[in-house]
Structure formats: structure tokens, C-alpha cells
Amino acid sequence: MPDKRASMHDAVADLVRDGETVAIEGFTHLISFAAGHEIIRQRKRHLTLCRLTPDLIYDQMVAAGVADGLVFSWLGNPGVGSLHAIRRRLEGGNPLQIEEYSHFGMVGRYTAGAAGLPFYPLRSYQGSDLPAVNPKIVPIQSPYGDETVYAVPPLHPDVAIVHVQRADASGNAQIWGLLGCQREAAFAADRVIVVAEELVEEAVIRADPNRTVIPHAIVDAVVIEPRGCHPSYAQGYYDRDNRFYLDWEAISRDPEQLDAWLGEWVYGVASRQEYAEKLGAERWDELTPGPAPAAPVDYGSYQ
Amino acid sequence: MTVGYSPAEMMIVAAARLLEGERTCFVGVGLPNIACNLARHDKAPDLELIYESGVFGARPARLPLSIGDAALVTGSLSVTSMNELFSYYLQGGLIDVGFLGAAQLDRHGNINTTVIGDYHHPKVRLPGSGGACEIALNARKVHVIMRQSPRSFVSRVDFITSPGRVLDTVVTDLGLYRVEEGEMTLISIHPGVTAGDVQAATGWPLRVAPDLATTPAPAPHELRLIREELDPARVRSVKETVPDLSGSGDCAQDPERGSPHGLRWRPAG
Amino acid sequence: MPDKRASMHDAVADLVRDGETVAIEGFTHLISFAAGHEIIRQRKRHLTLCRLTPDLIYDQMVAAGVADGLVFSWLGNPGVGSLHAIRRRLEGGNPLQIEEYSHFGMVGRYTAGAAGLPFYPLRSYQGSDLPAVNPKIVPIQSPYGDETVYAVPPLHPDVAIVHVQRADASGNAQIWGLLGCQREAAFAADRVIVVAEELVEEAVIRADPNRTVIPHAIVDAVVIEPRGCHPSYAQGYYDRDNRFYLDWEAISRDPEQLDAWLGEWVYGVASRQEYAEKLGAERWDELTPGPAPAAPVDYGSYQ
Amino acid sequence: MTVGYSPAEMMIVAAARLLEGERTCFVGVGLPNIACNLARHDKAPDLELIYESGVFGARPARLPLSIGDAALVTGSLSVTSMNELFSYYLQGGLIDVGFLGAAQLDRHGNINTTVIGDYHHPKVRLPGSGGACEIALNARKVHVIMRQSPRSFVSRVDFITSPGRVLDTVVTDLGLYRVEEGEMTLISIHPGVTAGDVQAATGWPLRVAPDLATTPAPAPHELRLIREELDPARVRSVKETVPDLSGSGDCAQDPERGSPHGLRWRPAG
């Protein structure tokens, strides 16, 4: 299997192109802030950003001017409040093209994209105003009887960026904890960047194949980026930095503070490593969980 | 004995009591999370908590910071992809109860968590559906927890995010409501609240049940559970003035607040 | 959580009823022969049996007269040859109602059943004669553009029986190795019997929630039945007994031999335990794999 | 140097050569499995083996007994549910090549693995589709491996299980075929086989390519790999006279055999 390792700089430079549709997925868990910041640093433009929950990372990317559009299902600072940079665009005069679903609708769009289906049927939207403002959400009649459900179209991002706990050099990637819709987003995408907390030997992947979420066959680049999710988290590695999520409320309310924050923490650092060091050992200590090992499992050796 | 309690505690306790006998509940963070855990410790010992993030049977060791908190995962019974969670658990019909938040709720029980004003030119852009729309259509019943005001309790919502088709009970800081004959009806009023308070916080002439009850105040053992076990840091049950909750995370921010509301403490009834 | 443990006898007696639709799932792996044999012993009648691959177990059940119908997608002795008892019924005068799909069609039927959908869309059947002989396979047009795919209807077995490696007393069940469509079959079914190789404490399940395939909420009975899959296998516990699969070719070709086999190995033993003992320690030794432990994983303790 | 080889070995080698440069192959047990592993050791070192049972990137330590063998799981790169395997890998368009077996193949490349005779009153009931129908419609290309006879190579199949829409090459014990201008065309003949042998084993007047080739005989290194590494017990490559294979397991049993065929050994060309 080919070695696909690259620096975040090179992976983003090579694989993320102006005007494209980009999905940095991960539901609360495993959000690649490192990739988002690199996209900001490289001043990518006119992107359409897809995520169920834009979270702080898309608020930052929108504030930095990389995005023309947003495809999403829940727009907030989870457990805290608003994404004020995005809200300013939506409530003010500076348009941001939005395409809005429910969570299951977004999951269905990725799933149809991954599965090569022309549509995904689901039981939602009946009686909601969402189909009225998003013409892509349409009713579809069951071929058995006259029941009607709704359909959403496939979503095929040009690039999906997925942070995982461990991956080998060719891109076989394993996740535990919340799985979100990373598998679906990756299979749906034209190109895939796997960002890993840890590089492991292929033998580690092969020692637990049920945990593999993404196979190397769909991966274009592997970036080893420890602590690449902060202030989001990586199950078993570090906790969500809730202090930062709380702080973001005030930072994002004020465009000047936000610009200063981007200047200091994104443009002002060359890499995620520099960011992590700048954050300081004490903060990382606070975020480190205690041990909770998985119960052992034996696959058996069959010769 | 007089024990003081906050409006949030009244809401938590009232919501928890709704869960008696239920087995599966789709939970949002914030008040519903504490309410569900209170029910598990009290009236619904077999209640399993399900989160749209993919978790079934969570037993968080701390109060979760979001519906995707790492503490919900560690020690839970099952964690699946969101596709499987929405498909097999929710759409498959396994969910007895879903809790939703609302920025606006109307006379017919429809829920708005999307926009205040026109969708294309919003006065206030709210979070949107998250999983709320499908929860509202696939759970056996739905309860709403929200703070009540003339701006949030409106005759007609600006946008129907989630239809109120299976709406069961609405818990507010003033009382409890059910949809009866197609219309939101006040069925119980919290201790210390007057009918005038309620009408003043409602944007249409309110229908009141003929057998209007008074919500029993939080019992000492309920308050003890909340304060000593479920939220010892008092993160939510005192400080949280805007119910930050829904099956879908946090749909319920007050659209126009500039600062916390500072709900008053009430003496026990 | 309630304790749902039952003996195989009681679980089958209580939950499998004459005339019902029954799915004993497991693709090659984790096929509950123990449940199939108990159904034969209890002389259940007029069942409709669903499985992607009827395998030897349904050949035995059909031969024993429990089934009126078969819903399937591949009818053979995997890697060996034919299921002669079923073939005799299909090629001879004694009718067996069949409803035939492809594998993906069967998987789709369970998936739609599990997901509460009125149909499942897939890219198959175009140009095949299968829709001509199975009117439940129908074309469906995409609501986006004029593309046509095919649909299959949901399958809702009255009972699904799923063998797993480990389960707790209330039915939370974990599988590793091939996952087949057991999760889908179980969620699609009205009643679920979990049969487990091993009973474990709830804490073991909670120590690796990503491995849980079936939650207790959908389980009606938990049967602890070590070696319950023989001659099929349980990854990490014992290997497929290929000698038996080879032997079955001759046994099933000859109705008298087949009857004698049922007499000796099904009617002639009271339980799976007796069957396993009758098979003998030496055979079990031959089937026991060496160790191949999964790579460790830490979920982290978040207090 | 003269090395004897079996017809099965010729088929394995011919099939393996078709995989040069391919990256992902949907594999059945039996001959395709050996062929794919031969290709991996020889001309297609990056080839990944995918099984409809849910396995991607298998490295079996022994010759698998079925497509669901435990040895395919241990040490593989990924094991998923069948729903995910069919949806994301196959239907999602990741499969370069699928191998299928056939009980009957017709002049237009359609595949029958369902029945001989009428579907509702079959003379011989065959296994059916398994995953073959969707493999035949979703893989980029499909190769068929089968034994050729007037009963299996027929003008029109009794039942189209899998349409031959993306059929690339058919490997038989006598030669290689491709569909050209809508019709099965002999493009290469195995060493020692005559045009008469081939026509005698074909149920319609056979189209022959103008540039008909002779299949290069198995090379010594290919035979060594098969015999010493891939199938040292000679389970499949000698004894197996009916190619027991398909993307879908074993679709290819000869419908009318009562006993093994006993294919002859041939001297190397």
C-alpha cells in the first residue's frame, strides 16, 4: 500500500481548491480544527462548507472569509450559544448562501452520496416549513401503497476531511467513541484527507478490523496531527476544552476580538504543533482523561 | 419545612415526573438531561437515555457539556453511527419520548427553532432543526421545555421547524400545557404563579383547563438528588436561565436576550 | 435492566409460534444451529424462514418439516455444493413457497424493516429476470431527474434469532468479525432472541460500547448457549467445522440418511450441551483457534 | 522444460493475468480466490480483496473455505456490515473488478445461476444470485470463470440472474472470451485445445476473433506460487473440477453432474 503521509500544509494545498465543496465532519467529537485553520492560513476562497453542526470551526472559517456557502442542519455553539460570525452574515447584508436540512437529512445526504444512490428516503419534514425553503427536500411516494415519505439528494463533497484516533501510513483509519457520519462523508467525497491523532503500524489496524471506519482505497492524504481537534476532543486522548467554547461566545460577538483571535491563534502560528505548544502543557494536562480501557476481544488465529 | 427552589428546578422536576413508566428517551443537554437523570433515580428506574450523537444507555460520570460529550460515551451501552441511530432507533420506532426545546411555540403546538422574522431576511437566525424535526415526527410523544414569554408563546410561529403532531406536554417556568381540541391548554400552574402571570406571558387569549391544577412543588428528595447528585456544581439548575436543550442539542436560545434572564427564586409552596 | 435469561427450550417455546416468519441470521458466521435444532425438536410448523443463505440449518429445518416458505438470496452449501433437502422440495412435487432476492435485496429488506421505511432503494435487478419472478421487486423513479433504480419492501420477521459472542443478562450484545445483517434483522423483527456464546457482566459491555450490535431495548430473551453455532463458527471461539459441511453433501442427498441424522443429532439430544458433548472434546480441540487479540483501545475516563 | 498443469491451474493463471493494474477486486472462494492471490504475488501487488461478507483487504493465512471464512477476518484491514459493504464499497463505485461464476452463460454474456428449466418448475434448482446481480451492475467490470460445455455455453440462458452489461472476459477451461459487437467472441485458446474442441463445447455457432491468440501456458513461477504458497494442499487447483466461485460464493455448480468431471492434465505448451 502506498505511503500517503503529508504535512497539513501540503495536504490542504494539494487537495482543497478554491470554489469547492468541503466537508470537515465529526459530531462534536474529532472535529479537525487543525485542517480548518490551515484552510484559513492558505486563504482559500469561495468554499461551500458542509457540516451537520458548523460549530466554532466554520464560524472561524466564515469569519476569515473562506466561505461563500453553508450546508448544515444545526447552527450553534453546542451547549453554549450562538455562532455570531455566521449569524452576522445571515442577519446582515453580507450574504452567505445557505442550504438547510435536519440532522437526519444531512446524514441521509452523505449516505446517499456514499452509496451511489440518486436519493435518500426518510421520515421527516412532513408538516415542517423546511421543504418550503429548501426545494431539494421533496416528497416521494412509496411504490408499495400510497404512503409518502421525503427524499434528500446525495451530497458529494469535493473534499472530506476526517480526524481519527489512529491511522496507518496509507490511510486505513480507526475511530472509537462517537462515529457521527464520518464514514459516510468520506465515502461520499471525491477526495479524502485523513488526519490522525496517532500514526500506527498497519498491523495495529489489522489487529482490529471491525474498528476501521475508512479504508485506504478512498484516502488521498494522511496527516499525522496530534491534538488536531482542540478545542473539540478525541475520545481517550483529550477532552473538549469547554472553556474555549464558552470564551468563543464573547470573541465571536465582537468582530474586532474575532480578528485579533484569528491573528493570534491561526495566522500567527505556522502549524498545529505551534498552536498546541502555545496553548501550554498545563491546559493539556487539564484536558487529559484518566484510563478506561476497552474490554479485550480475541479474533482468533486461523491457520 | 420551607425549601427554596429555582424556576429551573421546578421545570426539571415537572419534566422528570412526565417520564414515569417510560423506557426510552431522546435527550438534549441541559435541563432535559438533569430531568431524565432525576427520573432514572426516582420514578423511571428503567429509563434509557438516547442521544442523537449515537449513544444509547448513557451513564455519564459528570454533567455532559453537550449531547456529544465524551462522558456520554465512556460507560454507555452502545455507540453507533448517526445513520444507524436515526434509522434504527428513532425512525424504527424505539423512542418513547423526545424532549425538544423551542424559541417559539404556537397555539397549535408547532415549534420554531429556525428564525425570528422572514427566513430569507431573518431578524434573528436561530440554530435550526438539528434532529428536532425527525424527533417530532418519529418519537411516540414529545415534551417541550421552554421559558415562556409573549415573544416565545405566540399565536403563530414565524417558521414551523418541527410540527407539534405528537406534542404531549409543554413545561415552562410558569406551568404545564397540553394540546386539547387542537389548542394549547394550560393544565397546571406552578406554585406562586397567578393566572394573570400566565396570560401576560402568552401571546394569545389562553385556553385554561376547567380542572386546572397546581403543580406540586419540588419535593425535598427531588431537590436533594438534583443538588447533590445530578448537578452538584449547579451548572444548569440554577445558573441556566434559558433552557439550553432539545433532542437536538441547543435549539432554545432566547432570540433577543442580551444577558441572562435572572429568573427569580421562589419559596416552596 | 431486567434479567431476560431463558433456556433455549423456553425461549423457543415462548417466542416462536407456528405459522410465523422467522429469521435466524448470520452470514456464514454465528449461525444459531442450536436455535434451529430446538425449533425442530419442538415440532414447530408452517414457518416462513428468512435468511440470505439458508445454509445447512434451513436445509435441516425444511427436511424436518417446520417450513412452508423460504425468503432468501443464495441457496447452497457454502464452498461445498447443494442443499439437497430444499432442492428436492423445489424440484419435486412437494411445494415450498419461495420468495427470492439478491443479497443486497435481502439486506435492503431488513434495513428498511429496521429503519421503519416503506421501501429500500438499490442499484440492482436492472436487466435481471428476478423482478419478473418476484413482483415485490419494483422499479422506482428518483425524484431528482428521471433515473430509475429498484426498490424492495421492508421485511419484518415475527422473530429474529441472533447468535453473538457475548451478551449481558438483559440482552446487550456484542459481535466481532463478520457482522452480516444481524443488527438490521434484529431491529426489523417484532421479537428478538439473543443467543450468546458467553454471558458477561454489564460492565464488560459498557467497557466497549462501539462493539454493541444489539441493545437490550429490543431483546425478548437471552439464551446462553456456548458452542451454539456448530458447524458454523464464532470468531475467536471456534472454527467452522468444514468436515461437517462436506459430510452434509452426502447426508442431505439421501432422505433416509438425513432422517437418521436428525434422529441422532437433533431429536436424539435434549439440548445443545448434549450435542456438544456428543461431538467430543477432540473435535472441539481441532476447531479451537490460536489467540489473535485485538489492539487495545482506551475510551478515557471523563469525570 | 515441460511442466504439467491442470485445467484449473490454467484458468487460475489466465484469471490472475487479467488483474494486472487493478486495485480492488470482489472475490469469490475457490479459483478466483487463488487467482486474486496469485495476482497479488505477481502482477497486481496493490490489489485489495473484497468479500461480500464484509471484508476489505483480507490476508488469509489459509485458503478460505468460504467467502465468510474466519481466516478472511483475522488480519484484514476492515470488516463492516453487509449493508455498508454493498452500499459504500460496491454501489458506491469502489470495485474495479468482480469475479462471477455461471452455471449458464449465453451468447450475449448474460449469466444464469438460478435455474435450469422453468423458474416455477425447475429441472435443476441452482443457488440463485447471492450478490452476483448487484456485482454485475455495479463493478466497473466483471470477469466470469466457468467450465465450458454445450450445456453451460448456451445460445440463451434459461434465466438471466445477472446481466452481462459490464462483462469483460470469460475464462473457461478451453479459452478466453470477450463480448464484441454484442456477441461472445473467442479471443484466445488454451494450449492443446483445438478450434473444434471449443465449438463442440459451445451451444451456438461461435464467433472467433480474427486475431485469435493462444493463451500463454502457466509459467513456472506462476505454478510454483500456486502450488507452494497459495494452495499447497491442492484443495482447489487440482481437485476442484467445477469452479466453485463467484462474487457471491458458489454459484457455479454444474447443474447435472453426478460425480466430478475429472478434467485431464495437459502438458505445458
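Which chain is which? They are A, B, C and D, in the order written, and residues in each are numbered from 1.
Everything below uses one rule, namely that a residue touches a chain if its C-beta (ideal position, glycine included) is under 8 Å from a C-beta of that chain, and two chains touch if they have at least 3 such contacts.
Note that the structure is a prediction, hence the values are computed from the model and not measured.
Chains that count as touching both chain A and chain B, per the definition above, are C. Here the chain-to-chain distance from chain A to chain C, counted in touching steps, is 1. The interface holding more C-beta pairs in contact, when A-D is weighed against C-D, is C-D. Taking each chain's centre as the mean of its C-alpha atoms, chain B lies 41 Å from chain C. Remark: chain C and chain D have CA centroids separated by 28 Å (rounded to whole angstrom). Chain B and chain D have centres, each the mean of its CA atoms, that are 60 Å apart.
Within chain C, the positions touching two or more other chains are listed as 111, 116-117, 122-123, 177, 179, 183-184, 205, 207, 210, 235, 239, 289, 292, 299-303. Residue positions 55, 69-70, 73-75, 79, 91, 138 of chain D are each in touch with at least two other chains.
Taken as a graph of touching chains, this assembly has some other topology, since it is neither a line, a ring, a star nor fully connected. Chains touching one another, given as pairs, are A-B, A-C, A-D, B-C, C-D.
Listing the residues of chain A that touch chain B in their complex gives 27-29, 52-53, 72-82, 86-87, 90-91, 100-104, 107-108, 111, 122-130, 133, 177-181, 183-184, 233, 235, 239-240, 242, 245, 289, 292. For chain C in complex with chain A, the residues that touch the partner chain are 116-119, 121-123, 138-140, 142-145, 147, 149, 151, 153, 165, 176-177, 179, 200, 204-205, 207-208, 210-211, 235-237, 239, 289-303. Put simply, chain A touches chain D in their complex at residues 1-2, 111, 114-117, 172, 183-184, 187, 202, 205-207, 209-210, 212, 215-218, 299-303. Interface residues of chain B, counted against chain A in their complex, comprise 29-30, 52-55, 64-70, 73-75, 79-83, 86, 90-91, 114, 119-120, 122-134, 137-138, 159-163, 165, 244, 248-251, 253.
Those residues of chain D whose C-beta lies close enough to touch chain A in the complex are 23-24, 46, 48, 55-57, 59-62, 69-71, 73-79, 84, 87-88, 91-94, 138.
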